[in-house]
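There's a structure below that I have some questions on.
Chain lettering (A, B and C) follows the sequence in which the chains are written, and residue indices restart at 1 in each chain.
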């Protein structure tokens, strides 16, 4: 194996981790709320710009800006669910999809008006120098990103499966009426679930700011990829999303290395269709297949 | 579900407006008219598959693009008149529709997953056309201008307008005929309850595929028109997700599953966008915010669309 | 003569045997009842018979033909019609259009389909609501609509899944009369029913399903006195109590 190939693998895994975190949010929103969130990419971009703004205008280290980004995305997610999606709870599924699509247009173009379509990038002190291990070069920001992804995934897991609020979220996902009878404020819980989903994607976006230039429609690039990963991992399956994210990252970098970037895109979409058609519960089962 | 009298008069009024419109129009207004009619045609196409048959497509760009590319490649490389190319393009689009439909319906993909499958197909075609030399790659196709009606080219844009109007009328007529016949009633039955329809002897798969084929062919027709009218196509334009959205939005605003809805939706949405464009010329993106707001507001407050709500009110169903 | 025979039909969901080697015969021109406690697998067996989903194993013979591999729509063409436990009206179609969907099953053209539809509506006494939108019907009318739709496919065998559920006593009486009328018109009926007096009254023969297995069959009187049936309905303690009192 050439060192270049190993480098490709490492890059794929690193990027895949970030994809995974964004997709985790999408998967959570789908698993709990049964909502196909087309505003997910746009929410990711909001996360990016929030970090960018804070660190450019206030000179704060972008990683220290993360809490602000988290709070902001949580609020956006919570409010969107509570005051918009909740209103059409009983409407046909595709209406919710369209609602989130409309929101995506609004978010993206607000960013466009505020920040112009120009590319923005952030220089972070101490991050310029790539770390060399053997023949491999890895940007420190990517290592930090990967670490944060693992930590956040574990936190989300602990929240969902070990906390009492998480139990309520899962109960609400299983059965609305039953949860309501048990005294869970379902609307509140659903808002929180959406908020957490948005936070995941927001963090993923924030982590990318030090490694790539950002622009208002950047989220679109990630939108469909998140769907691919979430479906591959099984909608609602956290670890599935993590593993699938890394798989897709690897597929992308390896096929990009071997075939060229655009063909890797083609390959990913083809895999997506095959999974949707032949194994809609995802690679690891347990995924929710939305049946009406 | 349709109040025939309201439907008839609404369509007649809209049609009369569309016929009179070019008489008083300058070239800018004609171009707006062409946009309205293009959206109306895409809307009717989506309406059949998703409004009537209930299969929510998020990838009508696939059919639009296939139509546009088929006629354009046949014209540029083989000298085949786009009129014939259009028919072949419609057939190709229908074939793509049937393939997507068969894969999805055979394996019981529905709801949002079906939407994602159609979206992924459109994306695949975009990447494929963008990267294949034989299909002209990212550079797209420039249609040589000849000003010859037999080549689907006209000096006067008003003729383009009239041709497109005829296409919209044809599409609406096809929908009207279908909705009165066995196919239409069975499609609505499938939308409402697939299992009940099946148990009543309705060949569900076959009918859904027919709906997809006709719908895709209509979108393919719109694609050829687009190529001939604008004279240039490339993959990022004709296979864009925005085309798929433009097929959906007029139905949401006007009312999906009604004959008149998409027409009304197109008449409302395009002028509104033009207006916001001219009012806020300097502010890039504001018109898209209005577009997004329109979707959100309609989905929340008027999910049956304007026409659908009027019909419901008149029939006292609220 | 039997119009429908099921032999060792099995169906499981996630490893739970919902129907476990169930066999039954439906005699032509008669009304056959299928009863059992909640979750006994009645509807699952029904779904296997009507082709809603395929049986995992076993044979289903209708009119001398093996049909276990056929789709619901093909079975309908052959002459098996069904209703659903939870009525599934096509809400935004008018009542007559609803029935016409079934009417097209054996019709050559639109006129004939609507003729079938109108006849079926008259048969179930719902013709006065023909132009109404289906979602505005009340529960009783929705049941009538389900029946009319099934009848308009011109079946020889009609599967009725709890058509009395949610009906008022008067409506139930009407429904019972209707089912007899269906039988008298030459259509064989197989029905699932919860309401015992109705089944007793209607059925010529009853099958009892318990945890996926047919545990008893026979005339209504024999069946209700069978200890296994009582036990299946009331549980062991209840059965003992019923016996001692």
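A few notes on this one:
Just so it is clear, contacts are C-beta pairs under 8 Å (C-beta built on N, C-alpha and C of every residue); 3 or more make two chains touch, one makes a residue touch a chain.
Just so it is clear, the model here is predicted, and its values are computed rather than measured.
A centroid comparison over C-alpha atoms places C as the chain most distant from chain A. More inter-chain C-beta contacts link the pair A-B than the other of B-C and A-B.
One simple way to say how far apart two chains are is to compare their mean CA positions; for chain A and chain C this gives 49 Å.
Remark: chain B and chain C have CA centroids separated by 43 Å (rounded to whole angstrom). Rounded to a whole number, the gap between the C-alpha centres of chain A and chain B is 32 angstrom.
Shown for chain A are the residues in touch with two or more other chains, of which there are none.
Remark: chain B residues 50, 56, 58, 103-104, 107, 109-113, 115-117, 119-121, 123-124, 127-128, 130-131, 245, 248, 252, 283-286, 288-289, 291-296, 299-300, 303 touch chain A in the complex. Residue ranges on chain B touching chain C, taken from their complex, read 1, 181-182, 185-186, 188-189, 192-193, 195-204, 257, 315, 317. Residue ranges of chain C in contact with chain B, taken from their complex: 50-52, 71-73, 76-77, 81-82, 84, 88-94, 97-98, 100-102, 104-106, 110, 113, 133, 136, 149-150, 153. Of all the residues in chain A, the ones that touch chain B in their complex are 36, 84, 87-88, 91, 93-95, 97-99, 101-106, 108-110, 112-113, 116-117, 216, 224, 227, 231, 260, 262-263, 265-266, 269-270, 272-273, 276-278, 280, 289-292.
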